[in-house]
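Quick heads-up: structures coming right below.
In the two assemblies presented below, subunit A is common to both, partnered first by subunit B and then by subunit C.
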Partner chain A sequence: MARDAHPQAMQPHEPGRTRTAPPKMPAQFPFAGNYRSYILFDATGLVYLLAGLVALRVVWALGTGPEAWARVQAQLSHPLYVLFHLVALAAVCFVAVRFFRLFPKAQPPRIGPAKPPPAPVILAGLYGAWIGLTLLLVAILSGGLFG
Partner chain B sequence: MSEVKTRKFVVQRFDPDVDQAPREQSYEVPCQRNWKVLDAINFIKDELDGTLSHRWSCRMAVCGSCGMNVDGVPTLTCKKPVDELPDVVTVEPLSNFPVVRDLVVELEGFMEKLTKVKPFILRAKERAVEEGTHRQSPEELEEFKQFSLCINCMLCYAACPVVANEPEFLGPAAIALGHRYNLDSRDEGAAERNEIFRGEGTVFSCSYANECSEVCPKHVDPAAAINQAKFGAVIDWAKHLVLPRGGK
Partner chain C sequence: MKHFLLKIEPIVWLLFGQGILIGTMLLTGWILVVGLAVPLGIVAPDALAYERAHALASNPVGRLLLAALCALPLWKGAHHLRSLSIDFNGGGRDAAVASALYLIAALGSVLAIVAVVRL
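This part shows the complex of A and B:
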């Protein structure tokens, strides 16, 4: 049997005269059925938190001096850090794909007289912008631009 | 003659006069091939155990009465063929709702939420009868038609993880219905409803799990309605912020 939901979930403000059994959580929540993808989506927040802490550490090393910078660069080449960044990349891709899948239907049918383009056009725009920005960042970081 | 296959139905029982907590009871049901889950539950009620309580009415996915959790999934039992289920089937009342008896849940909480979104046409000034009917083009109808197909079966509430944890949350069907009237060309109450939608426990409580839309038997897509309503609520808020008298 599923876990208990909030005891007030879907309760009327004035309780009826009949004693009721307390509400239960959805039976498949949180790790079965479609909830798995939703929980995974939420859990990627932990990966972003850790990635943010790593970024702060890198910035702090940059401000401390050349020796600290060299040390942090050496640490970042450790296989565990590489693995963590691969996990972070996978998390970003998963979130982006899920967000893009749900984005078109969240568009209002019209804004004033203007109607949003059809879903395939919105999706093409989102994926196009993602690929374009990724290529731009790769160009900047590799020194191809402003090098 | 239809082929018959016996399935075991494990049904949740709860008698508020006797039971301290819900319990399970099993029934062997000879299911015919073309049966839906509701047919099996009606067989239990009619032939095996007359004390079982459940709601049903139309048997054709219109009235929205027979929603239950079948093998953990919120399901309209008159629509779900037994042939798609394993040999052992669990049937429970809808999750997230207080249970009145056996498979019957308390719906009064939903009715209170529904009234909050003003699910009817609001007009600044009622049109006189002699002015004729409101004309609406097929394109205007198409903008909200999908959201008007809701049969209030409550499957979306049973699937929503936010409903389970935030008692104030208006929930999928109520917001979808409010949004349906916001999109109706005859309605003039969008600003009023958007103010409600900006309040606590409304559209911004939705974390877009999308489960409501997955289980909806009428393809209303309440998750789309809620997230479209977020947009409308923000636009209205911005108008109030920058335009004199909220742009009215």
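This part shows the complex of A and C:
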């Protein structure tokens, strides 16, 4: 049985002349059907927010000096940080796959005289850029390039 | 506050979209090496020795990428958490939640710029 939605969820800016039934939340909301993936996609926001703050902390330590850098490197080896980064890796992969799938559908039919390329071309570009940039960053950061 | 949030919506959406696209592309390699491979000993710690890390980070391209890496995911996170709050009957508290989340993202973005400038 669907539960009641927020009473103002669909409220118009001014009262209309047509009476409408009070809004109901969909029966599958929030954790069944398509809503599971939708809610999970939104929930990755927490992981991104924390990942951005951790990255900021690491960069700040790099600017502070060698001692602060050594301290933050040691802290990143803590099991909780490692666990967080495993969750963060799963989150970024989930976001990438879901967002890339939606991206071709969100394109306008045309911008001026130009039409967007076919969906497979857009997808190939997105996955190519993601995998290519990831491999490049891994090579640089791990010392394989510019070592 | 609601009026102000509506006015900044285009800027927030731009940063949110870039947080998903560019943030995801940069975070994957960063997490793999800085968050996992070096701490787990898969990559030798020398790869991120201070002198090397500082040299990589302090050139103009390095600074730009690190600023984007730190700031853009904050906007993706802030906007999606706001959306999550609204979905769970948070329409009434939206102005306060959105203000707090965007303030965190904005402050973090300023700090990210300061962090790469002081490298």
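We take it that the second predicted complex is superposed on the first by the 128 of 147 C-alpha atoms of A that agree within 3 Å, B and C clash if a C-alpha of one lies under 4 Å from a C-alpha of the other, contacts with A are read in each partner's own complex, and residues count from 1 in each chain.
Going forward, a residue touches a chain if its C-beta (ideal position, glycine included) is under 8 Å from a C-beta of that chain, and two chains touch if they have at least 3 such contacts.
Values in this document were obtained by computation on a predicted structure and should not be read as measured data.
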Of subunit B and subunit C, the chain that contacts the larger number of subunit A residues: C
Partner chain(s) touched by A:Thr44 [first = subunit B, second = subunit C, both, neither]: second
Partner chain in contact with A:Gln8 - subunit B first, subunit C second, else both or neither: both
Touching partner for A:Pro22 - first (subunit B), second (subunit C), both, neither: first
Which superposed partner A:Leu62 touches (first subunit B, second subunit C, both, neither): second
Subunit B versus subunit C as contact partner of A:Gly33, first or second or both or neither: first
Shared subunit A contacts, counted only where both subunit B and subunit C touch the same residue: 5-6, 8-9, 29-30, 42
Touch list for subunit A against partner subunit C, complex: 5-6, 8-9, 29-30, 39, 41-56, 58-60, 62-63, 66, 69-70, 73, 76-77, 81-82, 84-86, 88-89, 92-93, 95-96, 99, 129-130, 133-138, 140-143, 146-147
Sites on subunit B touched by subunit A in the complex: 12, 14, 16, 19, 21-22, 69, 72-74, 92, 95-101, 105-106, 108-112, 143-144, 157-161, 163-167, 183, 207-211, 214, 221, 223-224, 227-228, 230-232, 235
Residues on subunit A engaged by subunit B in the complex (per definition of touch): 1-2, 5-6, 8-13, 16, 18-30, 32-35, 38, 42, 102, 105-111
Footprint of subunit A on subunit C - complex, ascending: 19-21, 23-40, 43-48, 50, 52-54, 56-57, 66, 69-74, 76-81, 83-84, 87-89, 91-92, 104-105, 108, 111-112, 115-116, 118-119
